[in-house]
Amino acid sequence: MRPDKLDRTDPAGAIAAAAQRCSNWGRWGADDVLGTLNFLDEAKRREGAALVRRGVSFSLAQPFDMDGPQKGWRRRTNPVHTMLDTGTDAERGGQGFPHGFGGADDVVFMPLQASTQWDGLGHVFDHGMAWNGRRAGAVVTAAGDRVTGIETAAASIVGRGVLLDVGRAMGTDGELSDGFAITVEHLEATIAAQGESARVGRGDLVCVRTGRLSRARREGWGDYAGGDSPGLSFTTADWLHDTEIAGIATDTWGFEVRPNEFDDAFQPLHQVCIPHMGLFIGEMWDFDALAADCAADGVWDFFLCAAPLPVTGAVGAPVNPIAVK
Amino acid sequence: MRPDKLDRTDPAGAIAAAAQRCSNWGRWGADDVLGTLNFLDEAKRREGAALVRRGVSFSLAQPFDMDGPQKGWRRRTNPVHTMLDTGTDAERGGQGFPHGFGGADDVVFMPLQASTQWDGLGHVFDHGMAWNGRRAGAVVTAAGDRVTGIETAAASIVGRGVLLDVGRAMGTDGELSDGFAITVEHLEATIAAQGESARVGRGDLVCVRTGRLSRARREGWGDYAGGDSPGLSFTTADWLHDTEIAGIATDTWGFEVRPNEFDDAFQPLHQVCIPHMGLFIGEMWDFDALAADCAADGVWDFFLCAAPLPVTGAVGAPVNPIAVK
Amino acid sequence: MRPDKLDRTDPAGAIAAAAQRCSNWGRWGADDVLGTLNFLDEAKRREGAALVRRGVSFSLAQPFDMDGPQKGWRRRTNPVHTMLDTGTDAERGGQGFPHGFGGADDVVFMPLQASTQWDGLGHVFDHGMAWNGRRAGAVVTAAGDRVTGIETAAASIVGRGVLLDVGRAMGTDGELSDGFAITVEHLEATIAAQGESARVGRGDLVCVRTGRLSRARREGWGDYAGGDSPGLSFTTADWLHDTEIAGIATDTWGFEVRPNEFDDAFQPLHQVCIPHMGLFIGEMWDFDALAADCAADGVWDFFLCAAPLPVTGAVGAPVNPIAVK
Amino acid sequence: MRPDKLDRTDPAGAIAAAAQRCSNWGRWGADDVLGTLNFLDEAKRREGAALVRRGVSFSLAQPFDMDGPQKGWRRRTNPVHTMLDTGTDAERGGQGFPHGFGGADDVVFMPLQASTQWDGLGHVFDHGMAWNGRRAGAVVTAAGDRVTGIETAAASIVGRGVLLDVGRAMGTDGELSDGFAITVEHLEATIAAQGESARVGRGDLVCVRTGRLSRARREGWGDYAGGDSPGLSFTTADWLHDTEIAGIATDTWGFEVRPNEFDDAFQPLHQVCIPHMGLFIGEMWDFDALAADCAADGVWDFFLCAAPLPVTGAVGAPVNPIAVK
């Protein structure tokens, strides 16, 4: 579907239709908690490992600190890191340890989606229903996600990564403008421009660079968290489903184009992808260093290890994704 | 040195002597922040990736939740995970989103060394001095570690891992008893017993399984956090230095044998390894599933990606280490 | 009703009957959020102020720190206090302020019922119903208590306090044993023993000392938080209702006697008092210094200011209650 | 001293001179931890209690929630309140309690100076020296304030409050403009205008309303936290000292006028008042409802109970101050 065919007045109808076309409910059994990670099999991990040619590694994480983009929306703050013991104290003496031992220790308070993260399958619901046809209230209570908590995916997310630098291929000076809706055509054109190493298929972990983070880095966060942004068009739902990718991540706050493509809407593509497709979505990743390297050597795929921090029952999780080429 | 040669009354003397023998200060320049991670080069990462033969992956992380071992020592609690939005609320309606969208969101408060973690180079000091000869108070203030914060190692810790299952090789029913001091002899004997794939050398990430976690899993945490435990003997300092390993992790709370091998001491091996050697030490890792697999196929090395969560300025960091065979 | 008349096998029946007898639903209108605080009027505040004869003040708060009794039940930890800036850093220099200015700053993470606190009216429900006949889910979501949040009582809880030292009057060495159920007879006998200044009536804030905290202070916390304890008998429900007191607090974790007086029960008196009666219940208060003073001068009533920290939407709140005699 | 006599280029000199004139070091002995609270004696508490004529009470606290003014300066966030259990969950069932019991519970993470608060005596230092001549690093480490922690003042801060509505007396529409420096002349003129009930003397708790909060309430927070503001002039130091007040609070973020009255300065009056004078300073209080009442009845003094939450070792503390008239 093309964006210009969307009925801007009917997000609910569009969501329902896409959900029906793209549903994976029951595909991996009634008890499934992994969704599209089922596509990421051992063969794919071997394929990923074989992509390590030079041994260079990249962290795709943004910093986790108070200088992040969060401004308090729905109580999301930036991570607050405080010390339990410091080097200043150790140097001054008085920590109470013997033989000159000194220590520093620390603590963090952070929303699990404050910075670079994976959305878990319990993060978004459609009309009260969660992934695989479960009732939302049977999955995520105040005690956390007791079914699809991110710990269930602790060991899974390692395989072949592919960077689609749509910002570089389709944008201006490497960046897409805010409100730019990335369509299937843009994705396919980027793949074609980047060549064979950028092919996307079953079990891959797709990284989409829009350039939005590069802009925030240059101009300040502004409304990076929740404001206007390039991102995937609602119309990519079928492509995301049909390619059978294991996961997809962007360098933006919210994965989808913002403003969303309906008159009154909030993240409609999430509403299809997470509860119906079981797709793992990553947000706020940093692809800039990797993208520069890929552009330089013309190789766009790599071994990607993006294991979420396994906070039991989490509906999202911070991650330090590592790409190795 | 053999443990029975240690002068139990003089930890300060033993530490000073070992520090002198094992110091890496200045080895990588005055500005170095990576310590032994300098040994982990691109060749080593290629070697690690080549170990992926089957594509099976293991998470070496313990769960991050309130059921952990922490009991409040130096204000270390277990991770507290709370919800900002729930599925119950979404199912009931009233979250304020359009077109049936529902969401769950969450937050965590946790000491950075509450569960599976890396000690950063700012974690331990010797007489007020930090890694590479810096004054502790010039490195770690209440604002965090401004020099060797864990973010400096965000991309580095990926390479060849080697599991030394000392519990299986030297213990009873796969476990070493509390107070068992693992010596160089035990390490070498384990390597010999496990064979060629267990060789340890420059740039490797060494995983030492004692069985202590298996015991806690079976019997309850008890004093897992800070109490008696098997662990490395103080006398392994030179081996840790001379092998030029990049890092080492155990399945125990504190890496070293406890009680420590001096009459009045606190983690003396840390005091040599972190500030003087610049060694990365991992604690509270879970090797049980990996160890079973290694015992079954006789292959003890693997690709290991153990990228810390890059909390800016952290002196330690939670990690979800992934081993791929 | 006497405790020996309770049918231990039917808590639900007893609760339903007591709830019917003691309900205040609608008494102050459909929109009421204050419950029994409606009894605490301006005349009562004048009466309280008139009790200030010497000008001596007592804090009835326990310390808020890591040495508290919490052990993690339902994710309740002790308060964790960490520093954002320290005197050590200020003394060493480098905080970045001009003209010799130095500062210290701090942060706390704490369950709102970790230490001395008031239960808000959104803290407990009966069969999904909250105070004044509202549905629990319409009152308290993951966004907090949007109706009866503790901030609605921010200015109210100041008036006449009365200490009933049941431990001293009925116990051994000033303490009631664990499992001791305080009945109406015990309360009335204590009042009689203490004299006129101990009378209890409409709008009063009643403080019941059991001695449980004194014991914990002497012997260690043990199972202070949630374990066996003296406390109010379920059979006091009607007295609590008929006296028209504004609030009641104890020096125990849970106000009620524990084990509870039914075979399979959890805090049945709460289930009557909070949702049906709208009664404000305080827990973990420290009456020891005040009690010693009252015993010495024979005056058991005082001005009490027990204003909760007005965390918006809180279902409980920490408080530093101040008694002035 | 008049503000126009200040040498804007020499804050250090002005601070040193004022510190010498206004020092209370040693006044209450070498071990003192209460500073000016020593002025607040039992007679003053009786005087305060006698001011309760009508029995009406006012909370002077701002809300503690995410809608506050904090923007992250020095890691100060707004309070983050999250739920451990909710009414939605209780209504749906599944909390695991018997006989229809349901519960809600909650937790807060907050900087202790996020909202209405007292500065403790360990909050500010002068050239590395804390209150009463102690070295800052001997008082406040990463373990908190081990000497003058706010818990030492837990029972003290209750007595006679006096509201000086400088905004109403000297401002426009009840508000002083940002940058307005309140001098001794303004304070005295306000007292004179308000009459006998506004007299200020030894042991009083002085409340200064500037109208800054009223403006923020009307126009949005803007830079309320740390930006331009009316406030006390540096030149009031001697008045604050000579009046022998026990404490003083304002409706602003930082008590002092901002920008400060020197070319390059940060809160110079704090640097005199806290470490040298031992003065308790309150910030971010809300006087608007109380001020309206005082203006209506012409009575400006009242019983004030402003007991800080006794977080052990805190250098500042949240408070819900209660004024009773």
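Which chain is which? They are A, B, C and D, in the order written, and residues in each are numbered from 1.
The rule we apply is simple: a contact is a pair of C-beta atoms (placed from the backbone, for glycine too) under 8 Å apart; a residue touches a chain by one contact, two chains touch by 3 or more.
Note that the coordinates shown come from a computational prediction; the quantities given were computed from them, not determined experimentally.
Common neighbours of chain B and chain D, by the contact definition above: A, C. Averaged C-alpha coordinates put the centre of chain B at 44 Å from the centre of chain C.
We define each chain's centre as the mean of its Cα atoms; on that basis chain A and chain B are separated by 27 Å. In chain C, the residues that touch at least two other chains are 75, 80-86, 88-89, 91-92, 107, 109, 137, 141-142.
Because contacts link each chain to all the remaining chains, their graph is best described as complete. Every residue of chain D that touches chain A in the complex is listed here, in rising order: 66, 72, 75, 77-78, 80-86, 88-89, 92, 94, 109, 137, 141-143. Note for the complex: chain C touches chain D at residues 11-12, 15, 41-46, 48-50, 52-59, 61, 63-65, 67, 74-76, 79, 81-88, 90-93, 97-113, 122-128, 130, 135-142, 144-145, 151, 154-156, 158, 262, 264-268, 270-271, 303, 305, 307-316, 318-322, 324.
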